[in-house]
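Each in structure tokens, the structures are laid out below.
Okay, so chain A shows up in both of these, paired with chain B first and chain C after.
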Partner chain A sequence: MSETATPIISTRNIGKHFGGVKALEGIDFDLAEGELRCLIGPNGAGKSTFFRCLTKQYKPSTGEIFFRGRNVSRLKTHEIARLGIGIKTQVPNVFDGLTVYENLHLAANARMYGAAADEACDAAIERMALQRIVDERLDRLSHGQRQWVELAMIITSRPVLILLDEPTAGMTGEEVAKTAELIHEINRDTSLIVVEHDMNFVRAIARKVTVFHQGRIFAEESAEEIMHDPKIGEIYLGKRKKVQ
Partner chain B sequence: MAIALVQILNTIASLALISVGLAIIFGMMKVMNFAHGELLMLGAYSVQTAYSNGVNLWIAMFVIAPIFVGIVGILIELLVIRHLYGRMMDTLLATWGISLFITGLITMIFGNVTQGISTPLGFYEIGGIRDSAYKFLIIGVTVVLFAGIWIVLKKTRMGLIARATMNNPGQVSVLGVNPRVVYTVTFAAGAAISGLAGAVLAPVTGVVPTMGAAYIGKAFITVICGGDAIFAGTAIASVLFGSINQVTTIVSTAEFGEVALLIGALLMLRVLPKGISSLVSNRAV
Partner chain C sequence: MNRSLTIQLGLVAIVGGLLVLILPSYLGIDRVLQLTLNFAFSVLALSLAFLWGYAGVFSFGQAAFFGVGAYAYAAAAINFGDSTWAVPIAILTPVLLSVLLGYFMFYARLTSIYVAVITLVVTLIIYKFMGQTAKPSYMIGNASLGGYNGIPAIPPLNVPGRIDLWAGPVEMFRIAGGVLLAVYIGLRLLLVSRLGRVLVGMRENELRMELMGFDTRLLKVVAFAISAAIAGLGGVLFANWNAFIDPHVFNLAFAAQPIIWVIIGGLGTLTGPILGTVVLSTLSLELGTQKMLDVNLVLGAIFTIFVLLVPQGIIPSIRAFLENRRAGAANKPGVAHE
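And then the complex of A and B:
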């Protein structure tokens, strides 16, 4: 998907405070249509909080959010989702009491009805090779399988922007490679923001990387520049060292 | 024997009818609704009032009562329950207060007297023994109601969204569903079904402001013993306890029937702490 000048999502001065703790402060962020951006940073840097602010699972303490130029700061979580923003959180956030197919159908129903929803489910099952577990309840699946089901749910809902929070957590090397491939495929027609710690994975999928540190944007550079920036190594490891 | 079978089926159906609304509100939403008996009572008063004012009995029973009690359910959810989700003890106290309020209000309006609707449909006779044919209507309504609820929960988009919301309310909003609306609709549906149950049972029980107290204990026993699979669990618990109750009643007295039901429930929870649902398929609803 080619990138255009109009950002699909922008934030201006987004901040989130939990009591006296400033988890995010003064975040100005732009993502172009069709762009795939990675967010990196040490634990507690504010990446996941930023995601939750974008989807309004957290109400930002300050600032505004714009979706394709429209101010969406006052919308609720379900209204943000209806704009076509999908999120996959660190811990698979699925419906344990429902089967894989029911989970997918639920995701499909967010943006389509009837036969179109059925087709979207069938396509996701085939694309993610879930045929063997389609009738299983989610609480009977392994962590990796639950991750795949959640990814499949996002694909099924056909969003225009996907937020992925550590999509490869707990996956095997083979699954990580498959996920990188899948993300490239999704990016053909969908914008993505991906939070990830694995720099090899980041380098494999992203051109541009935003670095979070202590609730602020620390740097915004290409993946290659980030890899060789000694300051980034310093904030990750507490000393001057290149990111491996 | 045939009469006894009809009586057993009638007891099972009555137990299922008084429990199914609670199964939706308590089983699905985890709202400890102590005003459940009063929702049944409001259903009974709806049909009694509408019928005595010239409305056709079946319209009063199957249309007016569920709609009226459903609207009461919406008001209760919006004004009280909505502010107490996740606080089970507070919900219990609040709904107990609502039950006292509704009982007091109805007593003030209608007086503390038993009113009655003559039982329609006449009698049937087997082997020289006559019994009310209305029992067949109660059994039929229960079967249709349970079939309808199963279809809605398992086969419709609305049912899938309701089950998902009860399972993980935070995640459904990420999928574009407004959980508040789902909660209100689910509570209203549970209330409407309770209203329908109260209306259907009104011709055989009599209508009095305190009639809810007679239902609430049995309904909670049935739903709790049913377990997590609210639909299958409630259905099986109704069959089990209804049979125990009626068989004991036939061989002894109605009082012993009630005692047998209670003992059966205690034994069941001792043997199956998670209720009957632990024995059924994990895909049952």
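And then the complex of A and C:
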């Protein structure tokens, strides 16, 4: 997908304060159409809070959010979702009491009806190879399988921008490799922001990486530059060591 | 809709419809009246079973919608001298109340405990208010609200536009039974529709529904309004059964009843609450004829035992038992299974 001048999502001076604690401060962020960006940073750096502000699960204390140039700062969570922004949360956020198919169907129903919803579900099942567990209830699946179902739900609703918060957490090496492949495939027609700790995974999927530190953007560089930046190694690992 | 559900609901309609038509010929008038009351209460129980069991919204105020429906029917039927418009008015009045109340509660994002408290408080406020309407100035047209004395001599249901063709006890039994069947089948169909699936999704994970683009505030108001319409319909049947309505339908003891029926019958089912209503209402009536045991004491003991020993309720426990037996049989050595 070609990158255009107007970013798909931008933030200006986004901040989120919890009492006296500044979880986010002065975040200016731009993501081009079709771009795949990774966010990294130590725990508590503000990455997940940033996602929650983008999806309006948290109301930012300061700043504005723009979607394709339109100010969407006043929209509610469901209105943000209707713009075509999907999110996979850090802990799988699924319908535990329902089957895989019912989960996918609900996701499809957010955007389409009847046969179109059925087709979207079937396509996601095929794409994510979920055929064997399609009738299983989510509370009977492993953590990795639940992660995949959540990803499939997001794909089913056909978003234009996907936010993935630690998509490989709890996955086996094989599953991580498959997820990297899938993310590349999704990125053919969808913009993505991925929060991830696994630097090998980051290097495998992203060209550009944004580093969060203490609620601020610390650096925005290519994946290779990040890997060799001693300052980032220091803040990321909390000691004077290169990022491995 | 899948084939098995069509067959199931078809059977319910045919068998239930036949029973409702035939039974009055074999039952004494006392049983006919008792079952008519059970049907009215079952409709009330279904309103909560749907709202709490499927949409995940717990309300202590279903009795308020039931009572408002009954009062609205009484006032409209007395004024018009005809039930033709009284029935839709009796359904719409609690719906309007529920939309107003639901808007303030759900758009303010109140948590479920506050929703429960507010719905209870509103019910008790209506109880207090209706109790103080004994003065002649409390009139709705020609209908005097009557305070704790209530409204007597409520005109019965009649064939639309024909006040000479009104329902006696046997016809009321058939109407109430038919309404109960229609509400049950209607809810089953609603639950397999897109709206039904979305409501169940909201019960399961409200945040995920929001993140997928569903406005859960609006969905809750819609579910609340549907449940109020059903409860209001139950109120119409109750007002007709009794030809009388008083503020006791808004008191705490009555407001707690549908909750007990649903818990004992089984939350997350529709047949369970109907069963719970029929069993407990019949038991209350039978116990009321003796003087050795206090009715509320016995019902309280039954409720406590159920909550402690059968917390899932009757129908889900029977289902779980049958599933376990089936699974046990399938796992026996030598039994082929997939």
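Rule of thumb we're sticking to: the second predicted complex is superposed on the first by the 244 of 244 C-alpha atoms of A that agree within 3 Å, B and C clash if a C-alpha of one lies under 4 Å from a C-alpha of the other, contacts with A are read in each partner's own complex, and residues count from 1 in each chain.
Note that a residue touches a chain if its C-beta (ideal position, glycine included) is under 8 Å from a C-beta of that chain, and two chains touch if they have at least 3 such contacts.
Note that the structure is predicted; figures quoted are calculated from it, not measured.
A.B. asks: Will chain C clash with chain B on chain A after the two structures are superposed, or do they fit?
C.D. replies: clash
A.B. asks: Would you check which partner chain A:L106 touches, where first means chain B only, second means chain C only, and both and neither mean what they say?
C.D. replies: both
A.B. asks: Taking the superposition as given, does A:R137 touch the first partner, chain B, the second, chain C, both, or neither?
C.D. replies: After superposing on A, A:R137 lies in contact with chain B but is clear of chain C.
A.B. asks: Enumerate the residues of chain A that count as touching chain B in its complex and touching chain C in the other.
C.D. replies: 55, 57, 76-78, 81-82, 86-87, 93-98, 102, 105-107, 109-111, 113, 153, 157
A.B. asks: Contact residues on chain A for chain C in the complex?
C.D. replies: My answer: residues 55, 57, 76-79, 81-82, 86-87, 89, 93-98, 102, 105-107, 109-111, 113, 153, 157.
A.B. asks: For the complex, which residues does chain B have touching chain A?
C.D. replies: These residues of chain B touch chain A: 157, 160-161, 163-164, 166-168, 170-179, 282-283.
A.B. asks: Mind pulling up the chain C residues that touch chain A in the complex?
C.D. replies: My answer: residues 194, 197-198, 200-201, 204-205, 207-216.
A.B. asks: Taking the touch rule as given, give the residues of chain A at its contact with chain B in the complex, in rising order.
C.D. replies: Chain A reaches chain B through residues 55, 57, 76-78, 81-82, 86-87, 93-99, 102, 105-107, 109-111, 113, 135, 137, 140, 153, 157.
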